[in-house]
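Each chain carries a letter (A, B, C and D) given by its place in the written order, and its residues are counted from 1.
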Amino acid sequence: MSSQFQSRDPAFKARVSASFGEQSVMQLIGATLGTVEPGHVEIELPYRADLTQQDNFLHAGISSTIMDSACGYAAFSLMPAEARVLTIEFKINLLAPAAGQHFRAVGSVRKPGRSVFVAESELHASVDGEDRLVATMVGTLMAVYPD
Amino acid sequence: MSSQFQSRDPAFKARVSASFGEQSVMQLIGATLGTVEPGHVEIELPYRADLTQQDNFLHAGISSTIMDSACGYAAFSLMPAEARVLTIEFKINLLAPAAGQHFRAVGSVRKPGRSVFVAESELHASVDGEDRLVATMVGTLMAVYPD
Amino acid sequence: MSSQFQSRDPAFKARVSASFGEQSVMQLIGATLGTVEPGHVEIELPYRADLTQQDNFLHAGISSTIMDSACGYAAFSLMPAEARVLTIEFKINLLAPAAGQHFRAVGSVRKPGRSVFVAESELHASVDGEDRLVATMVGTLMAVYPD
Amino acid sequence: MSSQFQSRDPAFKARVSASFGEQSVMQLIGATLGTVEPGHVEIELPYRADLTQQDNFLHAGISSTIMDSACGYAAFSLMPAEARVLTIEFKINLLAPAAGQHFRAVGSVRKPGRSVFVAESELHASVDGEDRLVATMVGTLMAVYPD
């Protein structure tokens, strides 16, 4: 995993991991942190029947949960150690039904800034071993600094 | 609750309620169906610590879960009985931290169509009895008809 | 025109008007500034055949031009006198073809902040004297302060 | 220019070019059609002072004009000859001020469909010979077929 970005905080992996551990919703849905590189974060989610909408596909809100966090932590990985990260807004496009045995949200920073970051994520479904892109997200994140 | 729309299906409330009952994720997070009127659907969600992000606010993905379904069922309430509803895309703006004891997603149709619907939802938080608007969503939904 | 907002700058109307006058694209397309109230700005645009796409409707980019500026100046009207306004992102939903003799973009602030503002705008078309909502926008604006 | 897509219409280039020629707004702003490949369309725009906002950058609505058409024609290039193309919605993120001597909107289809297409575009500015990415767009397009 090569990256075009460098983190200003050598401890960025531990920082992302600690914050992810505090997102209690991730335990509820069974999501785990995957690859963490500067400006690039992946989140893994096995399919579960209790995460679905009326057609037994992953609910778009659950897709959003791991895609938003993948965007957020991709941005967070590039922030100075004292910053907090906040999502301002995001947009998701649902390209195909989120069916499959396993899902992976792949977040990457498109444009870093001092306070405003733009990040994107893709949701990949593993369907009988085949990889399918099922959703894309673009989001705006904010670095919040202590007063 | 007056509405500017009329449903083409007199059984729209039962139809929305049955479909909502099949969204197993709603049981996981503890969400329940509230008001259902033509083109207008509300979803209720009590705060739970296991639905949160790292700052103990409702995770934006959980907010999205109930706001997307509020949009979707608002559109679904206006569709003919044989149609299925599909979210194509949505955008959420997070106006304030989703803190509070109770949340209500209020979805309403902005523009109905034969196949494409535009709907909006607001997320209201109840904070010590006070109502606060914490997020807005706009989404595009599609009516899918049997062949 | 009542408003829920108060401007911190008593000269906000002159400030909006001066900045609008510097948007040279507005002269190119024939747009003029309409109502300016705290957190609320309207922009008027008569139909012209040279603003259209292949079906003789107003091009979505021209709709965006006046809707984005309506959002931006609605936010700008609430900012302190020394701030500049910058659009971070916006989303537009095209509800109906932008046909008609006259268009009015109505921008209003949904959530003011110190640095981040969320604003919305509607595009109304006048079609043989009848008012039609043809597009909606939600955008995020930033106040930029001198160092 | 290799492409992952194949057009179903061998005359897609002529079809895109003819439709672009009917977008009279393109002549007003001085935009011309560039590369046209299956699922990939570029639009060129030299800087002009009368296309700008108050800081002499290209107005976001003018950026949107060429980016929306780049998305739309990327989708249109993959549609059957009898279809018309309609933008349903788009979102633009402004990553940097649109300064420069020349702009190029690069549109590409992310997900084709029978009726719904998702496309993306990037806006590149040429600044003293250097290429800078200044905006990204994701949009939803619809193929409309004759009755």
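Worth a mention:
Definition applied: a contact is a pair of C-beta atoms (placed from the backbone, for glycine too) under 8 Å apart; a residue touches a chain by one contact, two chains touch by 3 or more.
Predicted model, so just to flag it, every value in this text is computed and none were measured.
Counting every residue number used by either copy at the chain A-chain B contact, over half are found in both chains.
Note: centroid distance chain B to chain C, computed from Cα atoms, is 28 Å.
Between chain A and chain B the centroid-to-centroid distance comes to 23 Å (mean Cα coordinates, whole Å).
Chain A and chain C have centres, each the mean of its CA atoms, that are 33 Å apart.
Chain D has residues 88-89, 91, 93, 118, 140 in contact with two or more other chains.
If you draw each protein chain as a dot and join the dots that touch, every dot ends up joined to every other dot.
Put simply, chain C touches chain B in their complex at residues 91, 93, 95-96, 110-111, 118, 133, 136, 138, 140.
Of all the residues in chain B, the ones that touch chain D in their complex are 88-89, 91, 115-116, 118, 140, 142. Interface residues of chain A, counted against chain B in their complex, comprise 19-20, 22-25, 27-29, 49-55, 59-69, 84, 86-94.
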